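In the two assemblies presented below, chain A is common to both, partnered first by chain B and then by chain C.
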Partner chain A sequence: MSLDAAGTSARTTRLGRALLRIAATALAGGLLSATMVRFSPGFGLDEKQLDARLSRESQEAVLRSHDQERNPLRFYAAWWKRVFAGDLGFSQSLNRPIRELLADRAPATLDLMLWGIAGAWVLAIVFSVPAVMRRLARLAAVSSLFSGMTASLPAAGIAILLFRMGISAKWMVALVLFPRLYQYLRNVLQQASGRPHVLLARAKGLRWQPLLWRHVLLPARAQLIALVAVSINMAFGAAVAIEAICDIPGLGQLAWKAAAARDLPVLVVLTVMIALVTQMSNLVADLSTPILRSQS
Partner chain B sequence: MKAIRYLAATLLLALLLAALWPGALTRTPYDRQFRELPNAPVSRQFPLGTDELGRDRLSRLLYGTRVSLLAAPAAALLSTILAALVGGLAGFLGGWFDRAAVALIDLMLSLPWLFLLIIVRAMLPLNVPALVSVLLTFGLIGLLGWPSAARIVRAGCRTLRCSDLVLQARACGLPRGRVLLKHVLPNVRPILTAQFRASIPIYILAEANLGLLGLGVADPLPSWGNLLRPLESGLAPDWAAWAPLILMLVVVSCLYLTQSSKVVVQ
Partner chain C sequence: MKAFLAKLDCGAGTRACRVETRLDAFRGLRTPRSKVPNTHAPRSKGIVRPKSVDTSVDAADTSVRATAVVVLALLTLACSAVAATGAQPGGELRFCLYSEPKTFNPLLVADTSSEAIRYMTAGVLIRVNRQTQELEPSLAVSWRVVSQGRGIAFKLRQHVAFSDGTPFSAEDVAYTMHTLFDPSLHAPTADSFHAGGAAVKIETPAADEVTLTFPTPVAGIERLFDQVGILSSKSPRKEMASLGPFYVAQYKPGSEVDLSRNPYYWKRDRQGLRLPRIDAVRLYIQQNRDMELIRFQRGDLNIMSAVSPELFDQLQARMPAAVRDLGPSLESEMMWFNQSPKAPLPAYKKLWFQSREFRRALSAAVNREDLCRLVYRGHAHPAEGPISPANRFWFNSGLKPHRYDPAEALALLGKAGFRLQDGQLYDAQSHAVEFSIVTNAGNQAREKIAQMIQQDLKAIGIRLNVVKLDYSAIIDRISQSLDYESCLLGLTNVDLDPDAQMNVWLSSASNHQWNPNQASPATPWEAEIDRLMQAQGSELNPARRKAYFDKVQEIVSQEVPFLYLVTKNALVAVSPSLQNADPSVLRPQAVWNIEMLALTQEVAKK
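== the complex of A and B ==
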């Protein structure tokens, strides 16, 4: 076997193992959330049972409608069987198929997350690059102060303050992500710009702009891609609080409403979906690291 | 940097003292209602006025600070102990336990922290006495907060497992438990201390987030989470600015002290 073929085979095996691990993690996450919801107080109760207009038979039928969910293992097995048939289940609390709910709400959350992540990256780059590359002490102090202030307020608090100021929810996500991204980015840039050849180039009088792309950002691209993967997870966490506060009909608000109503099928779908998205983004970052290193 | 660290420590100490002995600043209990004086302005009797139920805002701010400043370190201690147990055992023992622990850590870290907290807290009883709500909220934060710390502890223990001192201890016939307790865990203590300190501001913010969403500490007991809630109504008077301001000061102070401890670890 040639060296190239051996390398490809090793990469395929690693990818297969990683995909298996991701599938197992998502499966376990779904089962865990199904079990938690099953044993939470108030599970299986339905508002319709309080409706005095319903006959006794109807109320018993309402009660029986949750029977399938009482055994979490059985529910989870049946749920996966339905998922493979293309049916994600039905939300009892919102009285709609989950597939429809996801289709309606996903665009709002995706829009919020994408713009929020982009805004946070722009802010982090604007504050960190000149502070590190041009060694502007005052800008570094101001950006550290700004980052410290935003990091010291809860995501929901930032949402309320900006909502009252009439600022878009996308900026709320951006401001929640900014301090984390800024700190990581500044550390990465500091490490990359402290390398001997970069220091030598600066000492010889080379301007920082030509150095930034070729000798600072390109060598640090693997870490930056990993940071993008992490920011997806952080953005969804922020979106849950922001959508709940600002009443935005997205997936975050759906998670919030489903948790409050103990809506088991919705929570399982969301948990599996979020676990899969996070793990896949981490996998892409992990796989890109050796490829990028071999290119540099 | 050193001056800022001293300033942060002094500020935290002053706030902690004020929160532990609120009687020095106000004699009104946090839950006493002056029904004839709702939304009273600032006066000598009420230095920050009263809320919409006629309760002394200064008293509530001080007691709320006490709840957050005492319960967050307790939750941080709980999660650090869990991280030491899971991460320490996984890193030291290896094998199937390590693989199972890593899978659990991966699973918990793949769900956003706030999403996980909201989902789990919403599944627990919401209509509970105030003190139980404190225990539930901070207990939950502590129980769910260990994975990131456990990952770091595991890495530290894995390195130590192959170190000369552990090999020598095992070659001398010391049982595994004793090696772990006497030689491995003491060597990862700086990591655990740094994780403990870093968790405190994160947990204070987590409680504030839950409180703002109505899932935190229940009324009438004040906490920073429910003290920030008047901001949500849009009719919050000026006093409401005090709660976020003090929250910011505490978290920034904790972050500065955490950074200094990280430097010590490095």
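== the complex of A and C ==
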């Protein structure tokens, strides 16, 4: 066996294992979600039960409508069977097929997340690069203070604050992500710019701009890609609270409503979906790291 | 004709609802000739019926003249189509729904948003006038109760068509009633008839006559038809074909519902102009009331319903002409104690809650005036009983108000064996009186009420612990596990008639919250309420029914199973650009007369 073939085989095995891990995580996450929702107080109940007009038979019918969800294992197995047949299930609380709900709401969330992530990265770069590369102590202090303040506020708090100021929801996502990205980015940049040959170049009077791309960012690209993957997860987490507060009809709002209504099928779909997206983005980062390192 | 229609289609507006409005108009232009008698055709001036075109053209005329006449006739027909659709520049009315509508099927409506859409889109046989609270003919021109209250016979309005031009007839009413009473549907509207799953006999002796016969008498049967939206038995659009002033043109889930003017709506104003006056209604799905306020102030919205007192006062300061306090609504806040023997509570606590003196004492210890003043900023009234003064016929004006009197509260507690010692109340077995109250988290008014009750009860030595839960958890506690001590929630009477509250007052009912699903009445007064409710339910004479229900209200006031706290005022905001607005305390408040609403010229042109 040649070295190349051995390398390819090892990569394939690693990829296979990673995919299996992703599948197992998504499976376990979905089951955990189903179990937690099933045993949460208020599961299987509907506000219709307080409707005084409903007869006893109708009230019993409302209760019976959740019978198939009472055993989480049985529900979960049946749900996967339906998923393979192309049916994601039906949301009783919103009275619509889940596939339709996802199709209707995904664009709003994607838009919010993409703009939010882009905004957060721009802010993080704008604050961290000059602070590290030009060693601007005041800027570093101000940006650390700002990121510390925003990091100490929950996503919902930032959303309410900015909402009252009439600021777009995209900026809310950006501001929620900013402190996390800023801290990490600054550390990565500090690490990269502290390497001996970079320090030597700066000592010899070389300007920081030419060094930034080739000697700071490129060597740190593996960490930066991992950070992009993490920011996707963080952005979705922020979107849940922001969409709920700002009445944005996206997946975050759907998750919020489904949680309030104990809508088991919707919550399982969202959990599996988020687990897959998170794991896949991490996988991309993991796979790209050795490749990028070997190139640098 | 088809080529002509296609051209007009291409020239129509870009918005989907506009296209659909026009398409419906064109469909109507074709269908009345084939399906509806000529008298169904819109009465607008300038209508030229194809039949008259055919007879007026002399066969001996030259082909050029004939072509000219046909072209002229087609143009006139097109003009009449525009007139038939009432294409007046009525503009777009905009307001918010506070939750996602769960259905557009008028028979399955159970939530507030769907109910509002049903009101604006569905045609009903009889309408309850939201201002006078009297019944008015709608799709039924007349009706009479027959078979000793077991049935009702309707005479239907003629020459009426659904929004897609399908004609309306008795068959549609029969189809609707058959669908409504399908036992698998479990529609709240059907349950209101208390038909008990037994077969409802539906007869259509003529195209404009329908008779319904129920197995048992139905009290106040006529008013129930205000909730029954008539479906078309023939329309390809099924339940989306409407007989109301508007039809659902577009639904963007989570975002908005667009309604368009029904070109076939039967109602006309005094000048003979076809209603409604507004072309479209845009309903934004928005839960955030602060954002709604901002948009209302910007002029993006024309109406705000069920405004909170805080927002009302903010708006009053900035736009005093826009806000209206309509007085007591049908919504009240109340609390009750868990008296169920099945509740997992200590026996001594059950004894407290089952004690009439204890309940009356706590009622006397709560300062309702303060609740109105501090929580509702004066936009509420102390509640006296289960029926709000807004319900003009059924309100019992003879009920005594619950006075705030801590001394009387302590006296009543003393009579029941309680004693106050060092600022702490103890029962006869020396248990310190302490209990919890559950309410739904996120409802600021309720959270404040709970805190104020906590302070009031502290003054008579009772420690109250406030527990805020999400709504699903509360439903679980009060209807399934019964693991709670007392509960603070709101009450909304959707229906004015107390027959709709049967499942609250009957001791065997599941919504008999303080002690649900009793095999036999636990107390003599509950047995008496059962008897009175059954009696009013089988009585047809409204005055006698009122006397029975007055007695129920008196018993409730004396026994205090529910502590009625406050009746909230109906607060609305109406943009000055909206004309003919006459908001009512009954839902849908500001749009109950939507067909008469009009926008000022400047706003309508936008």
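Points to keep in mind about this one:
Assume the second predicted complex is superposed on the first by the 279 of 296 C-alpha atoms of A that agree within 3 Å, B and C clash if a C-alpha of one lies under 4 Å from a C-alpha of the other, contacts with A are read in each partner's own complex, and residues count from 1 in each chain.
We take it that contacts are C-beta pairs under 8 Å (C-beta built on N, C-alpha and C of every residue); 3 or more make two chains touch, one makes a residue touch a chain.
Computed from a predicted structure; not experimentally measured.
When the two structures are aligned on the shared chain, A:S55 is found in touch with chain C, with no touch to chain B. When both complexes are overlaid on chain A, the residue A:L153 reaches chain B alone and has no touch with chain C.
In the superposition on chain A, contact of A:R202 is made with neither chain B nor chain C. By the document's definition of touching, both partners, chain B and chain C, reach A:R262.
With both structures placed on the common chain, the touch criterion links A:A28 to chain B but leaves chain C unconnected.
After overlaying the two complexes on the shared chain, residue contacts for A:G237 are found with chain B alone; chain C is out of touch. By the touch criterion stated above, A:T271 is placed in contact with chain B alone, chain C being left untouched. Residue contacts after overlaying the shared chain place A:R99 against neither chain B nor chain C.
Using the contact criterion defined above for the overlaid structures, shared-chain residue A:R82 touches neither chain B nor chain C, since it reaches no partner.
Touching of chain A by both chain B and chain C, each in its own complex, is seen for residues 40-41, 164, 245, 260, 262.
Interface residues of chain A, counted against chain B in their complex, comprise 21, 24-25, 28-29, 32-33, 36-37, 40-41, 148-149, 151-157, 160-161, 164, 233-234, 236-238, 240-241, 244-245, 252, 255-256, 259-260, 262, 267, 271, 274-275, 278-279, 282.
Listed in rising order, the residues of chain B touching chain A in the complex are 103, 106-107, 110-115, 118-120, 122-125, 201, 205-206, 208-209, 212-213, 225, 228, 231-232, 234, 244, 247-248, 250-252, 255. Partner chain C is touched in their complex by these residues of chain A: 40-43, 45-59, 61-62, 94-96, 100-101, 104-105, 108, 163-164, 166, 245-247, 249-250, 253-254, 257, 260-262. Listing the residues of chain C that touch chain A in their complex gives 100, 102-103, 110, 183, 186-189, 191-192, 194, 196-197, 252-255, 285-288, 290-291, 294, 469-477, 479-481, 494-495, 500-504, 509-511.
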